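Each structure below is given as structure tokens.
Next come two complexes built around chain A: one with chain B, the other with chain C.
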Partner chain A sequence: MEVELIKHDGAELHFILSDATPALANTLRRAMLEEVPVMAIDEVEFVRNDSAMYDEVLAHRLAMIPLKTPLRGYVFPDECKCGTGRCPKCSVELTLKAEGPATVLSGDLKSSDEQVKPISPSIPILRLLDGQKLELVAIARLGRGKEHAKWQTAAVGYKYMPVIKIDEQKCTACGKCVEACPRGVLKLENKELKVEDVLSCTLCKACVEACPTEAIEVSGDPSKFVFKVESTGGLPPDQIVLLAIESLVKKFGDFVKAVKRL
Partner chain B sequence: MRPIRCFTCGKLLGDKFEEFDKRVKEGQDPKQVLDDLGLKRYCCRTVMLTSIDATDEIAKFKR
Partner chain C sequence: MEIEVVKKEKNDLTLRIEGETHTLMNLLCSELYADDSVKVASYTLEHPLTRVVLFHLKTAGKSPEKALSSATDRIVEKLEELKKEFQTKLKRRE
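Up next is the complex of A and B:
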């Protein structure tokens, strides 16, 4: 098995996984979506809310704000010794106090830990009219994407590695496939058809249909996968991959232990 | 209020509406603005194009 990095740029990580199976690729994808621990607002205590927005709706909006999460900085509330889910090892308090007229932004949330805060300070939460007051304490905790989408820290997708075969005997270099391709994968160069950007191919086969001489063949290699990991901002994308693999290693470790006990 | 994240993929959109609304109001092509904001998937683009802010309408009424 081999991994080749294509792009690592801020919130995005693209890589090619070779010598793998679809089952393994999907296991990895699902682990990244469901198993990576990240912080999100889990409970909100309202002191005062004069706005037109119901407490429940406001709490839900607060939960959707992605929070920066320090690596291994916190423990899961159900694994914490405190047992209440309210101690500084397993929770962060974000307080919000505002008075209208104002648009309350995510940057108005005051965190008890500087490392855990909204990834962007300019997310509008709600609007307050003249004289309306809002006061609340939000408690953020570590969680996993499989429990709620607010703890989902990345959008992950993969496709089979595209394989484009051009039969030079049949190709007349008419250029119809180049026009048909929506991604600009193919290119005519000195009356010769070339694959310009194979990674952009989505296997749509528009070129195959457009070709009058059946000179192009497009297929996906089921042992090679092009992964795209896009972090919501809570954790860096490379750490998301590593934490997902770590969770899988732990799961299989538990499985081996359970089998040995049989 | 406008949504904070994309309904489908979970990408953060909340902080992008201000710029999007402003530039579209100025007459720029929404397609170009969405491209500039780095929204590639059609799920995020749909949310940006179709959500309506009814906050001020609702604010007139009591809860």
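Up next is the complex of A and C:
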């Protein structure tokens, strides 16, 4: 199994995974989405809400704000010795106090832990009119994507590695395939057809259809996966991948133990 | 994860597992089929809205428990290899 990093900047990580099975690729993708723990607002205590937005609607919006998550320091509320889900080891308090006229932004949330705060201060939450007051306490906890989408750490997808074969005997360099390609994958250079950017190919086969001599063949390699991981900002994408693999190792270990106990 | 034995005959095992999804099951079945002594390794969701899996394993020449533990060993080995490969490649970037 081999990994080749293609892009790694900010919240985006693109890599090629070779010599793997589709099952492994999919399990890795699913683990990144549903198993990796991240912080999100899980409970909101309202002190005062004069706005036009109902409490539960506002609470939902607060829950969907991605929060930066430290790699260590917190436990899951159901694993915490406190039993209440409200202690500093398993929860973070974010308070919001605002008065209209104003647009309440994510930056207005004050956190009890500097490391757990919205990934951006400029996410609009709601609009308060003149004289309307808002006061609430939001409790953020660790959770997994499998329980609620707010705890999904990233947008992850993969495709098979595109394999483009050009039969030089049949190719007349007419350029119809270059025109047909919606991604600019092919190009004509000195009356020779070349693949400019194979990673941009989406396997749509518009080029194959456009070719009058059947000179081009496009297929996907089911042992090579081009992954694109875009983090929501809570965790860095490289950590998401590593945490996903660790969660899988634990999951399979727990499974075997449970089966042995039968 | 709650597991309940639905059927356990000679080399025929059916388990009802709560709390698991395709994330575990698909990879498990895929790896089980790499074992020649596994005749049937399949799973379905009892209901699409629940996280309850029905897992069927039928072996010939090896006990289902043995096939399961060796399949998961191979999976964990592959995962550890993948983790090391990632860590190496990420370090190189720095």
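As a working rule, the second predicted complex is superposed on the first by the 258 of 262 C-alpha atoms of A that agree within 3 Å, B and C clash if a C-alpha of one lies under 4 Å from a C-alpha of the other, contacts with A are read in each partner's own complex, and residues count from 1 in each chain.
The rule is simple: a residue touches a chain if its C-beta (ideal position, glycine included) is under 8 Å from a C-beta of that chain, and two chains touch if they have at least 3 such contacts.
Treat the numbers as computed from the prediction; the structure is a model and nothing was measured.
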Room on chain A for both chain B and chain C (clash or fit): fit
Touched partner set for A:Val3, first chain B, second chain C, both or neither: second
Which of chain B and chain C A:Gly233 touches, first, second, both or neither: first
Touched partner set for A:Ala52, first chain B, second chain C, both or neither: first
Partner touching more residues of chain A, whether chain B or chain C: C
Partner chain in contact with A:Phe252 - chain B first, chain C second, else both or neither: second
Distance in angstrom between the closest Cα atoms of chain C and chain B, superposition on A: 19
Chain B/chain C common contact set on chain A: none
Chain C-touching residues of chain A, taken from the complex the two chains share: 1-5, 8, 15, 17, 20-21, 23-24, 26-28, 30-31, 34-35, 146, 238, 241-242, 245-246, 248-249, 251-256, 258-260, 262
Chain C - residues contacting chain A, complex: 1, 3, 5, 15, 20-24, 26-31, 65, 68-69, 72, 75-76, 78-83, 85-87, 89-90, 93
Chain B-facing residues of chain A, complex: 51-54, 61, 64-66, 106, 119-120, 122-127, 129, 149, 152, 155, 230, 232-233
For the chain B and chain A complex, residues of the former touching the latter: 1-5, 9-12, 14-15, 17-18, 41, 55-56, 58-59, 61-63
